[in-house]
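Step one of this worksheet: look at the structure below.
Just so it is clear, A, B, C and D label the chains in written order, and each chain counts residues from 1 on its own.
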Amino acid sequence: MANSIVELSTFLHRRGCTTLVEQATAAALEGACGSPASYAEIGRRADLAVVLGGDGSMLNAARHLAEHGVPLVGINQGRLGFMTDISRQDMLRRIDDLLEGRYRPERRSLMLARILRDGACVFQTPALNDVVVSKGEVGRMIEFELRIDDEFVYNQRSDGLIVSTPTGSTAYALSANGPILHPAVAGIAIVPLCPHTLSARPVTICDDSVIEITLAHPHEARVRGDGQTHFDLRPGDCVRVSRAPGALVLLHPPGYSYFAMLREKLRWSEAPSNQ
Amino acid sequence: MANSIVELSTFLHRRGCTTLVEQATAAALEGACGSPASYAEIGRRADLAVVLGGDGSMLNAARHLAEHGVPLVGINQGRLGFMTDISRQDMLRRIDDLLEGRYRPERRSLMLARILRDGACVFQTPALNDVVVSKGEVGRMIEFELRIDDEFVYNQRSDGLIVSTPTGSTAYALSANGPILHPAVAGIAIVPLCPHTLSARPVTICDDSVIEITLAHPHEARVRGDGQTHFDLRPGDCVRVSRAPGALVLLHPPGYSYFAMLREKLRWSEAPSNQ
Amino acid sequence: MANSIVELSTFLHRRGCTTLVEQATAAALEGACGSPASYAEIGRRADLAVVLGGDGSMLNAARHLAEHGVPLVGINQGRLGFMTDISRQDMLRRIDDLLEGRYRPERRSLMLARILRDGACVFQTPALNDVVVSKGEVGRMIEFELRIDDEFVYNQRSDGLIVSTPTGSTAYALSANGPILHPAVAGIAIVPLCPHTLSARPVTICDDSVIEITLAHPHEARVRGDGQTHFDLRPGDCVRVSRAPGALVLLHPPGYSYFAMLREKLRWSEAPSNQ
Amino acid sequence: MANSIVELSTFLHRRGCTTLVEQATAAALEGACGSPASYAEIGRRADLAVVLGGDGSMLNAARHLAEHGVPLVGINQGRLGFMTDISRQDMLRRIDDLLEGRYRPERRSLMLARILRDGACVFQTPALNDVVVSKGEVGRMIEFELRIDDEFVYNQRSDGLIVSTPTGSTAYALSANGPILHPAVAGIAIVPLCPHTLSARPVTICDDSVIEITLAHPHEARVRGDGQTHFDLRPGDCVRVSRAPGALVLLHPPGYSYFAMLREKLRWSEAPSNQ
């Protein structure tokens, strides 16, 4: 990866761009290129954030940068990801496309999860993919109440609940039989994990809804944001999920197609070989 | 039903309202009440359309009246329906609520399906619930190409495809394992019927998309609107589905809850008796 | 195909075998090879039936020959099928394997469906894959009662019901979300088609059970055996499905693997390309 | 429960039966009735084991007693369970039925899971419902290889894998979308938990198969038997599951119906209220 960063950095300098390197990455590189900067500084100063890595790196950068409105583009070292559209070998050509204005921007909503305990917020995390409340270390099923916009929806016994954006709908939620939502749909999918009732089905609601998951006594659970942040819940804790202010802007190179990505990454709807 | 119409008509007259009765219904009633009128005339003149019947009657009235912008309310003779919120015994009290302004309006999108053959439109139908392309009389699986906003999505072999609004997402599409979409979500679900590939999954797209289903040779199929209108397709025919102009406005009485309706009508997420 | 039959026939003669050719096929070939024979005669005289064709040809041959106990082997002209293990180019080598005793026999149960009307059997068909009761030409959902071993199971409204052997569990039943049953499991899967209740799930029962599907008034439906035979049902008709006497014996060449077939034919459990 | 035990014990004494009380229970009751005995002693001496409690108590007793061949019957204090057919209020009448020979015995297979590490068995547990290999405390997805009867089946990334008997098919496996298997089917269902591939589906195999799940490096996981026993797996560990010798015999009172139990306990295939 160091090579890629140096190569990209050199290229950008030649194009007259100033580059900042996220400080932890810069430290790992031992100052080989660019000025080290915190996410906050990158957020304030950068016009474009280029992420070299996989979808996990994109999720991490997105949670740090979304509130600053810096557009993101992802370059994948290995195989392409759901959000990393540019392959390592096409890097310079595609970045050139972006600098010349040849790209399509796409807005992606983030969610903000806040944990309320005795009326106070004891933890919060943004999430680009999903907020997952699930059984914690003990590994037993949990029981909780779901409310949406202050209306009772259901009590559920299950392994947990996934609250997913359209971006997250092709990630963990999909493995739990959640719906695929195109990023242009302003919806949030609520997907049970191994629910203890045959009539449970995911429901997709408007993304300006407020979702509250309150853990029943004596259940303990864990809440995760994008599978990267987590907090342990006590009985009675409430996880309140709402749309985060602002939005992430992804820049797609020319030729990007959401449905092609579904087919390639998920083999979605691909016919078996005998057809 | 005749009794209900007479009772409602009398009540409305006392409240100073003029009533029109859909002409086929009026003929069946032999002129017992109100002035007979075509759907078109009702559409032009009425401030409110009251449907006495089940969801099927609502679908039918909605397809006729949606373009005119007349709000609808449904009164159910038997059990409540997905769209008929008012029970027969509460009829007068609830209509009184509406006349006094105690209601919540809700917009529901309709779709328009047009059949294109050799470049010409040979049939069209609006649909509030769903447009279904499926195997016709022959009863064999069909093969077709799906395009969305002129982009190739997939070729599929299956029993057919359901294109469903949020309103239709709790109807036929749900029985084919489609996603439940809250009416406030501006989405359209595309749900395969018994697809011949394990990796097929429904996808939900933005409701301003244009969906094109082109039947492969030599397959024949049938297209249906809301299960109430139909047209037989020939090989090569294209079914183009887009959002219909305007929208249906449903009036809900005080206390209406979408999630409560899901629980009552579908036993959605209801816990088994041993919990 | 004519070439393949001639080539195979010549090869078998050299090996000292007598060959019979199914009479309709023989007529199409205009007597180029072998003695024409009815399925019944083949059933009585043959030690091995070689089917050149796809799974559809195998299903057809199986329904005709299973009662006679003649083992079957399938040779596929194009791509391999679920039951046709031998490719055209390996034909002679694989038939040689069989003649030398290098094969693995596998028993597959068939079902027998009988239509009872007013106490009399008005139609019957064997089935190797499935017996499907589904909406007929009218194309509306149907309603029926299911009984197993004379015990009430449920009343259902749906598009229909699939009764499937393990052999059929990777065919139509799978597209309706039915379970995959290994051929060694002595079970029958009962799989609803688009059921009108969220809590419907397929159930797998012992294959010596007797299954009765009685059509409610005023519903009409069609019953199909392996998608190749059919009969139109009237309201009140009962479809009684039980295991057929005897069993089909398939001969598999060395190296055959059921799980490999699932992976190749269905892309079953195949990891997406990003893994 | 103490009251129930005393009442049952008194009743059995009057009928001339000798009663043993499981020793931990006896200790809790402080000697109120019957002779304390270990499970092993109960296994050797008893003609019938009566379990007062829910399905969890049945699972526990079954794992201890199955190898001894003592038939079990369950009495449920609260609502009936999947395996506890007799309600508290019917207790004496139903036990009288059993003593008079009015019952239907049903055999249920158990599985035995052995954990192999460097060739040695480091843990083993029987299971009546299921053997579950799933992500442990760390809570990340796991990766493993599945082999059946020494044949490669697939590599999978998922939250885990459920190996379930027909008895367990209405328990945890069902919440993970596994198939319902009637107890008379000699099958084992293999059900992925949130698999990372759209084409994953459960498969049901013959219950005399040997199933091996080998954890890939560097993954850690936990294996559970019936959700009641557990062991932490290291990378490379193999979980080998096979049918346990012997079988559990359940005694059902007159009138017991498996399908009625499915309908009552799971609301299986129950029509919504509008039908």
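In the analysis below, contacts are C-beta pairs under 8 Å (C-beta built on N, C-alpha and C of every residue); 3 or more make two chains touch, one makes a residue touch a chain.
None of the values given here were measured: they were computed from a predicted structure.
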item	value
Any chain in contact with subunit C as well as subunit D	A, B
Smallest count of steps, each to a touching chain, taking subunit B to subunit C	1
Proportion of interface numbers common to subunit A and subunit D (over half same, under half different)	same
Distance between chain centroids, defined by C-alpha means - subunit A, subunit B (Å)	35
Mean-CA-position distance for subunit D and subunit A (Å)	39
Separation of mean Cα positions, subunit C and subunit A [Å, integer]	46
For subunit C, residues contacting two or more additional chains	174, 195-199, 201, 266-268, 270, 272
Footprint of subunit B on subunit D - complex, ascending	79-81, 197-201, 264-267, 270, 272-274
Subunit C-facing residues of subunit B, complex	134, 136-137, 139-140, 158-159, 172, 174-177, 193-199, 222, 224, 227, 230, 266-268
In the complex with subunit A, residue positions of subunit B that touch it	148, 151-157, 174, 179-182, 184-187, 189, 192, 195-206, 257, 259, 262-263, 266-272, 275
